[in-house]
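Two complexes follow with subunit A in common, the first pairing it with subunit B and the second with subunit C.
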Partner chain A sequence: MKGRSSLAYFFASPWIATFGIFWLFPLIFSLYLGFTDYRLLRPEFNWIGLDNFTRLLGDAAFLESLINTFIFVFGTIPLTTVIALLLALLIERGFPGRTLFRAGYFMPSVTSLVVVGLIFSHLFSRGGYIFLLARICGFDPPEYGFLLSSRTALYSIMAMDIWMSAGYYMLLFLAGLKAIPIELYEAAASSGAGKIRQFFHITLPLLKPVALFIIVINTIKSFQIFIEIFVMTRGRYGTSTAVYFIYETGLNRFEFGYASAAAYILFIIIALFSLVQFWLFRKGQIT
Partner chain B sequence: MVLAAMVFPLFWMFRVSFLPLASDLGWTDLLSGKWDIGAYGDIMSSLGMMRYFFNSVLVGGIVVLGNILFCFMSGYAFSRYKFIGKNFWFYSMIGVLMIPAHVIIIPLYLMMRQTGLYDTYWALILPFLVNPMGIFLVRQYVDSLPRSMEEAARIDGASEFTILFKIIMPLCKPALAVLAIQTFLTNWNSFLYPFILTSSEAVRTLPVALALYQGHQAIDWPHLMAGSSLAVIPVLLVFLFFQKHIISGITAGALKQ
Partner chain C sequence: MTVGFLAALIMWQGCSEGEKDLPTGPITLEWWHFWTDPDIRPTIEQMVADYETANPNVKIKLTDLTWANGHEKIVVAFSSGAAPDIVELGSDWIPEFSFNNQLAPITAAVLADTGAYYGWNPTIHKNDIYAHPWIMGTRVLFINRGLLKRTALDTNFIPLNWPDLKKLCYAVDSLGEDIYGFGSNAAEKHRLYKKFLPFFWSMDGAIFGYTDRFAGFAGDQAYKAIKFYKELHDSCSLVDSQRGLEDAFLEGKVGVIISGDWLLKRIKKENRNIEIITTLFPGPKYPGKSFLGGEYLAVSAQSPHKDEAAKFIRFITAPERQLQFCRANFSANPSSKTAAADSFFMSDPNLQTFVKQINLSQMPPADPQWVNIEDLIEKTLEKILFEKAPMAETLYETNKKIQEYMDKNK
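So, the complex of A and B:
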């Protein structure tokens, strides 16, 4: 059996090597960097304790990027989740051509984020149909397009993100809906419960685990928003987010230590949010 | 209505990519029925897009092959073997799924600089040859296979390698197909890592090229949308042909939790 254990290690070695070299080591290295002032111009590892972290708490650009990230996360997730659920319920009802609809809703989420960002850059600009529709509907869009104004840029990107990801979460809700035994509905109907009561007493409670999963992965993903920002505004017009700040300081200004400290702050925020969400849902399940 | 809102932006991209190059994108142009393939001619010949396309295909192909082989080997080990520290390595995969990419990009950038792999194909390939979701997928699939065939082969004196590659691997084809499709899609659309780990045009991938193309000159929509179409068409083809595989892969991951 000893020979088989080493053979197993050989089979598992690609993962073990990848994990050690490309995940565990960078993770620890990044933490260490956060306590140094390592940068391109002075590549020395000087331990400076918590200096980076205290500097970040007084850095207006960092705080603004954090606030934008929070606006993005709390603005998109409730809407995305509700729209995804509504789409799933719509498709679940079963009507002719539903597979076509399912494919159509899902398509944006397999498309490259860069391409989606480029298309919407055009749609939000003065020649794009979203801009023209807004004008026809009597709104007063910013003169040079939605992305070139700090009044609307961030919200426009949020709207695009909802458009893009709702179809993906719809699929997960659909899988959750399929897992609900149909007998439950039959039993409820025979005891006189209407469609609305069935929805609130059977569908919603049983979808809770899927909903938790969706909210948790969407939170982790949304806190890291970067590509849309880079492609559409380059962080201008009040759209800089936390990861954009990390990119800007770490890989444009090459302040590796300072950027790593910011990365860890965001990491801790994400981890805390995931934990709180798990805890809230578990509490809700017991009562 | 909803379907139109979801799909229309992609049609719009194709429409704009076929506009004459000098048009100002007013409604008159868009509704005029003027179709022109000038933008495609340019990206095929002079704008270097074919190079970026080739880079994306090359990196994607190697990463997909690597994932098929390595996720299969690792997934099999996690399904069938007992070994020291198995639980630790198993939880390492779940842990990695929780680590946000932004925490490791700066160290990764420095490591690639230090080792001289920065701005080479290797930087885009080596870290991505195996991934936890793929290992889970294979492990789950192998779990569902009966052990009788392996045991019979073992009694006949077949080596563990023969069993792995001649007996189990062909049986795992459905799982490996899902794995290959998902890996292709992720890799083809990948932006953050190639953007940070390369700088020269020789190894630039298509998404990075598109994101940067917009940056250094006045926005030139027909060319940009033609390049975008080039990036989207393979994905749409894969999506149309393998829709069932893609959806089953995603929902399997969700229900397992």
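So, the complex of A and C:
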């Protein structure tokens, strides 16, 4: 028995070593750094206790980036989820050319985020199609384009993100819809239940686990929003998010200690949200 | 986690550096540089080969850096004890390294050069010199003469002051719907502030005040400079990235842009059929001041061959090598005054404009916090130009933050 478990450890050791070196150690070490004033180019550093954390709580740039992150998370997740569900229901109904539509909606998810970001930067710019369309529709877009105004920049990136992610979550919902037994609908129909009642009493409850899974992974992803911001605005015009702040602090200003503290605050926020969602998930399963 | 991993890697690398054995035989100097352009790389290699021939006991190992991530690579290398012997640094980066004792003082080796070169300001820290100016970079006004000829102005009109510049831009702007008087930079990092500061400096403004004790970015000079710049920006400008502005200028859609000698090189390389005038930067009164930056060569404090590295730097920055470099790269910004007086620059009026402009240009303050201050100034400009933020209040807020950075240094 002992020999078998040693063999198991032996085979698992590459993964354990990788996990230890590239995940666990940096995780613990960055926590340690969060309590120091370590910055690159200055080899000596000191333990400064909670100073980085208290400084962060009074740092307007960090607080702004945190607020922007929350706006992004709470602004995109409900819309993405609802749109993905509607698209899935539409595709699932079956109509000529639905494979084409399904592939079309999914296409943005497999396109490079950098490419999409660059394309949307042009679309949102003065003279871009979205800008012109807004004008034709009678809106008053910002003079120099949507991304050069703090009134619209963050919301424009959010709109792009919704467009980009909805197709992927649509596929997950489609998988969920396929798993619902057809007999349930037949039984409901024979009992006189209409389509709307079937949706609210069969489809929606049975899609709950899929919906919660989508919300959990989308929440984690949205809290870590970075590439879009980096490509489209470089954190300007009120679009700096928590991860962008960490990037700027750590890799532009080289304040590793301060950046680590910010990363841990974000880590705690994501962990708390995930715990709440898992709790809801479990509660949903029981009921 | 990425931050943690990187930090751990840097520290580990730093700790293990002490175990390195010094090589015996000919010494190898590692030189990190940014000139990867195929037009200039062979010239760099040729200079290195010439040096190795003249100094058989020295081998030079060239390592290419890119502007996209070169700064990060250099910082990480210095922090982890793996710095090259010789490194090319942008003028804005030098204080960051010299203030943190990462560069070796080369005062004794280059003292004789101080009167013969431009641009020593960022290299000096605590009465020592930490880098040698190599190739400078300034900006001048580019005027599309084809568009100028279509206006009612004289075909040789040169803006000598701000009212002239405004007159020229407005005249070109009135030529048609798709033609703009002035090219104004959009929010591009590290670019916008370089376009505005010449206006501020031409008003005799000083970011760190005249005594280096109180920030001077909220005074009359800053207000008048931003007011003038904004007027051009709002009334007759195409707003685009630097590359976009240069494209539009070359296509005859913009009358006046601020650009560097790379545009001359581009016009030559692409064989553009365009008639241009380059002229010195105007101020409220003639002449104004432009922005001066540049490329410098420095010796790492970690290098075991500091004297040899300093000797190599003097070789590369010597007037004849600068000329060789400028001819190959069609650059017009030598740091050597002897090189600047060469007939190569004097025979071309556009190259001559650049050489003259170096004398009438200013460098940002040499300060380790400059990278942050530059970012503040850029954000201020974006707020005022693109978001119509009130000028005086925004400048006042920025000034307060600059003062905080200055106080940190104290």
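Here is the rule we use: the second predicted complex is superposed on the first by the 266 of 287 C-alpha atoms of A that agree within 3 Å, B and C clash if a C-alpha of one lies under 4 Å from a C-alpha of the other, contacts with A are read in each partner's own complex, and residues count from 1 in each chain.
The rule is simple: a contact is a pair of C-beta atoms (placed from the backbone, for glycine too) under 8 Å apart; a residue touches a chain by one contact, two chains touch by 3 or more.
Worth saying up front: this structure is predicted, and the values here are computed from it rather than measured.
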item	value
Subunit B versus subunit C as contact partner of A:Y144, first or second or both or neither	second
First (subunit B), second (subunit C), both or neither touched by A:R236	second
Touched partner set for A:S191, first subunit B, second subunit C, both or neither	neither
Partner chain in contact with A:A179 - subunit B first, subunit C second, else both or neither	first
First, second, both or neither for A:G104, with subunit B first and subunit C second	first
Partner chain(s) touched by A:I246 [first = subunit B, second = subunit C, both, neither]	both
Touched partner set for A:P26, first subunit B, second subunit C, both or neither	both
Touched subunit A residues, subunit B compared with subunit C	B
Those residues of subunit A which subunit B touches in one complex and subunit C touches in the other	22-23, 25-27, 29-30, 33, 234, 246, 250-251, 256, 259-260, 263
Subunit B to subunit A touching residues, read off their complex	2-3, 5-7, 9-10, 12-13, 16, 24-27, 70, 73-74, 76-78, 81-84, 86, 89, 92-93, 96, 98-111, 126-127, 129-130, 132, 135, 160, 164, 185, 188-189, 191-192, 195-196, 207-208, 210-211, 214-215, 219, 221, 224-225, 228, 231-232, 235-236, 239, 243, 246-247, 250-251, 254-255, 257
Residues of subunit C that touch subunit A when the two form their complex	1-8, 10, 14, 72, 75-76, 78-79, 96-97, 100, 102, 186-187, 189, 239, 371-372, 379, 382, 386-387
Contact set on subunit A toward subunit B in their complex	4-5, 7-9, 11-12, 14-16, 18-19, 21-27, 29-30, 33, 87, 90, 100-101, 103-108, 110-123, 125, 127, 129, 132, 163, 167-168, 171-172, 174-176, 179, 209-210, 213, 220, 223-224, 226-227, 230-231, 234, 242-243, 246-247, 250-251, 256, 259-260, 263-264, 266-267, 270-271, 274
Sites on subunit A touched by subunit C in the complex	22-23, 25-31, 33, 38, 40-43, 126, 142-144, 148-151, 233-234, 236-237, 246, 250-254, 256, 259-260, 263
